[in-house]
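Take a look at the structures below.
Two complexes come next, and they have one chain in common, subunit A, joined by subunit B in the first and subunit C in the second.
Right after this comes the complex of A and B.
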């Protein structure tokens, strides 16, 4: 009886708690199906008095979300692959070999992450102009890789350091060189961490706004976050179209999270227990 | 200066990337660089890029339509690049100072344009103005920088006023007030009926309060004093400014108490729903109104306080300026000539669907009673001002936001607030 009561209370509590989390999401989804006149007459907070899916068409066609999503993926996928590849190589070298000054190198890379990105906006913009990359997607990829590298290396370093040394020794005895050890032994073992970091960095890079507006200035090169901002008018915004655009923009990150969910949680736990 | 030397650029590119290459990706990244050095602008005859902050759907369509029409004229090609207005505002200095800037920018007339001109960033468009003989002198003065060159070409302007719903005013039995005493009487009537008389929206949009400051100042002290004050030639702790806030204090009890919490777009909703009586706002607010409510909207001018002061109105003017580093100054000026023409402005007013007035004296505005009334009001005004930030600078605006928000919270501390305002304004003027 008491047990039943406890489970009941637990479930009610958890349902309420998850509603609290889901509330804003549901609000945005509901808002995305309201017409402009409905919101203008009743306010953003009121219950819906209308239903339309035209907002999605407006966001997709008039707001140019298709182009923006393609741009986002053109930036995000190479950035994630490149930064994880570079970070894995760096972490392998730093964690498995006695490189002089390796602690300093690692700390230096991590220290870069402690700088607030805001103070680097102007240097990065000027630098991208100097290199001729300003207003190209390459500039954004370069910036994302550069800024992500320190943290990814740090995480992967911690993970690789804890892999048993015997495996590496056995591979060395079997005649494998560093490249082979990295590709055939280390990388497969690091997969959970890579998957977790991959999902995480995908979300970060995909959702980034600051760097995009710093190094880009042409509307059809903008990724999805500035494109969402462009749905706002100078004075007046159509909140339902913005909500629809937001729902569309959330799809890729949700898809990536669902796909990597298992690794994501697994990858986090592995570091914790050891 | 405008011509790029590709060899040097490539060299610098590789040099810069060599720095990144230290992280272990040199070869990979410089491979990217060679394939993505951006669209090289051919000097002299390339398309003129318009960097536009008109991101609301109607205005965006309108400016794109204009570019299309210009391209049909065969005098050059123009392409529109629309950037979210908020992004545009923060990035404009970056665009203007970059090595290869866009040619033309949508922006505001007045001191904000002059600021950039004094830094040598704007193209001298005096020869465009030589063809604009029909434009009134006031617009020419507005577009002239401190050195006496014209740097700006206006296209549209709009007005501010107390907007209300005709049906609601009829229901409450009140008339448009003409004088300050009438205005107080209307407020009193509405309040006695349980309606907050004056709507305002200051959450996220604290600059809306500056309209009150501007109007009270130009009604009490006149437009010349107002301009001098915003240019740093008068002091905010002057007794004349104190008189402005003292007058404002008389009507503070009539403000919608919820107005501090929500932005002006929601204040518009409140006005339309009859939850507030009237709303001092620019015509852009009508974009936030449902179409069926538009016919019911009307406005009256800010009440006259001192009949001896020449009547001035706020008429923020929008238009274009060009980058001094434009690769195609001739084409840019050709485009500016088009934007200044009657056809272009009538086309813009028609397709933008918002309430804006063309600045060309011969261009016809939209055919609605509201627009005719607004146009007549501006034409009858002895002087026009822009708006707080446009008459001063974007740097001075936050000082006004802080001071006025504080004043509305604690109206008994006027002296201290004005002293603080003067101190922070001095910091801005010293740069």
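Right after this comes the complex of A and C.
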């Protein structure tokens, strides 16, 4: 009896809490389907009295979300691939071979990632102007790669270090060089860690605001996160269009999360348990 | 760690030195150029975009610079000016409040949720997913979701009206009294699920036999929590603490999207003040000095984190 009561309290409490977390999200999704007149007449806090999907067309076409989403993918995909590739080779060499000073190099790279980005903003902007990259997507890609590398290398290093040595040893005896060992032996074994980091870094880079507004200026080059802020200025009181834009901006990361759920949470946990 | 011993037993026959050959070091062994490139290329990339800019950042903080004319060296004048700048002091105080409230409450909330949801039972998967969902949103998305709430006549006001507390209603984000707290709330909403996942991973790693033993010795729930769970989570606690402090000092997106630091700097953090000093007032030297202050505040945490990492690598 008491047990039943406790279970009941637990579930009631948790359902209320879950609602507190999901409620705002559901609210925004619902609001994105209301017409301008409905919101003007009944306010943003009321229940819907209308249904339209024109808000999505407005955000998508008039608000430039399509362009912004393409920009985001043009930045995010190469950044993730490049930074994981570079981090993987560095982690491989540092964890499996006696590179002089390897520990210092590893920690220096990690320290770089822990720096507050504020100290880098001005020099990075000036450097991108100097190299002619300023206001191009390349600037954003290279910054994201450079800034993320240290952490990815550190995590992959921890993972590769703990892989059994026998396979590498056998491959070495068979005459395989470092390149073959890396590509044929280590990389396949590292796949779970790469998937986890891939899913994480995708959301981090996709969600970034600060670097984008530091190295980009032109509106139609902005990725979706800063574009969403611009949308808010463009459609000042069209709350349903802003809500539709918000939903559009959230869909890609939610999709990645749902697809790689296990890896995603595993990736977050790597850091905690290590 | 098994690899270390096994590889060491095969005499170093290869051109490249294999990891972990203890003592029998063969420094003379040639390191294959490919391996050198494997390390140097990523390191060079990070040097160009992180290490070198960081050093420049320190140098700029000693200059007066508008971004057009060359920077002019003025010694520590920027720091002297910071000391007398009321906006800076307000931002510093707000950053401390942010650290305590955002950091403290997300640890308490995340740990509490992890404790409640650690046992696998019906519905737990759903609750965890619900709490975790906002973590995948960008802070700008989070900000816009909550903006709807704070809107005059928005959901927050509706709720207050329903429960008869109309007199509390105010323009949440536009009132200097409430702006900072109105920004912290969404940030917390997003962070708690993240901290919960970190703690869940840590709790899973605790040997259940420890709890069993404590129960046998007659320890009650609180005692087990305090004397078994918390000490066993030492590693996780250190990581969470570092993550929280670094995240707090970096917080920018959510404030920028909701209030841009206003009204009247009432929700200004060091990070937002730095950004507007640099890219709106174009005082690049002065902004660099603020960035250095942020760096110094983060330094202790970074060092602690590295010492921990270093010990593990050893």
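In the analysis below, the second predicted complex is superposed on the first by the 233 of 274 C-alpha atoms of A that agree within 3 Å, B and C clash if a C-alpha of one lies under 4 Å from a C-alpha of the other, contacts with A are read in each partner's own complex, and residues count from 1 in each chain.
What we mean here is this: contacts are C-beta pairs under 8 Å (C-beta built on N, C-alpha and C of every residue); 3 or more make two chains touch, one makes a residue touch a chain.
Keep in mind the model is a prediction, meaning the values are calculated, not measured.
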Fit-or-clash call for subunit B and subunit C when the two complexes are aligned on subunit A: clash
Partner chain in contact with A:130 - subunit B first, subunit C second, else both or neither: first
Contacts of A:105 with subunit B and subunit C, given as first, second, both or neither: second
Greater residue coverage of subunit A in the superposed arrangement, subunit B or subunit C: C
First, second, both or neither for A:73, with subunit B first and subunit C second: neither
Partner chain(s) touched by A:119 [first = subunit B, second = subunit C, both, neither]: second
Touching partner for A:232 - first (subunit B), second (subunit C), both, neither: both
Touching partner for A:218 - first (subunit B), second (subunit C), both, neither: first
Subunit B versus subunit C as contact partner of A:62, first or second or both or neither: first
Partner chain(s) touched by A:246 [first = subunit B, second = subunit C, both, neither]: second
Which superposed partner A:203 touches (first subunit B, second subunit C, both, neither): second
Segment of subunit B that clashes with subunit C, given the candidates 134-142, 260-268 or 278-286: 260-268
Subunit C-contacting residues of subunit A that also contact subunit B: 43-44, 86, 89-90, 122, 127, 142, 145-146, 149, 214, 226, 229, 232
In the complex with subunit A, residue positions of subunit B that touch it: 9-10, 12-13, 16-17, 20, 23-25, 28-29, 32-33, 36-38, 51, 53-57, 59, 81-87, 90-91, 94-95, 98-100, 102, 264-266, 268-270, 272-273, 282, 284-285, 287-293
Residue ranges of subunit A touching subunit B (in the complex, touch as defined): 36-37, 40-44, 58, 62, 82, 86, 89-90, 122, 125, 127, 129-138, 141-142, 145-146, 149, 213-214, 217-219, 226, 229-238
Contact footprint of subunit A on subunit C as seen in their complex: 1-4, 6-7, 10, 13-21, 25, 27, 31-32, 34-36, 38-39, 41-43, 45-46, 48-54, 56-58, 60, 67, 113, 116-117, 123, 126-127, 130-134, 136-141, 144-146, 148-149, 151, 153-155, 157-158, 189, 193-194, 197-202, 205, 235-236, 239-240, 243, 246, 249-250, 252-253, 256-257, 270-271, 274-275, 278-279, 284, 287-288, 290-292, 294-295, 298, 301-302, 305-306, 309-310, 312-314
Footprint of subunit C on subunit A - complex, ascending: 10-11, 14, 17-18, 21-22, 24-25, 27-28, 31, 43-46, 86-87, 89-90, 92-100, 102-103, 105-124, 126-127, 142-143, 145-147, 149-150, 153-154, 158, 161-166, 168-169, 172-173, 177-179, 182, 203, 206-210, 214, 225-226, 228-229, 232, 239, 242-243, 245-246, 249-250, 253-254, 256-257, 265, 268-269, 271-274
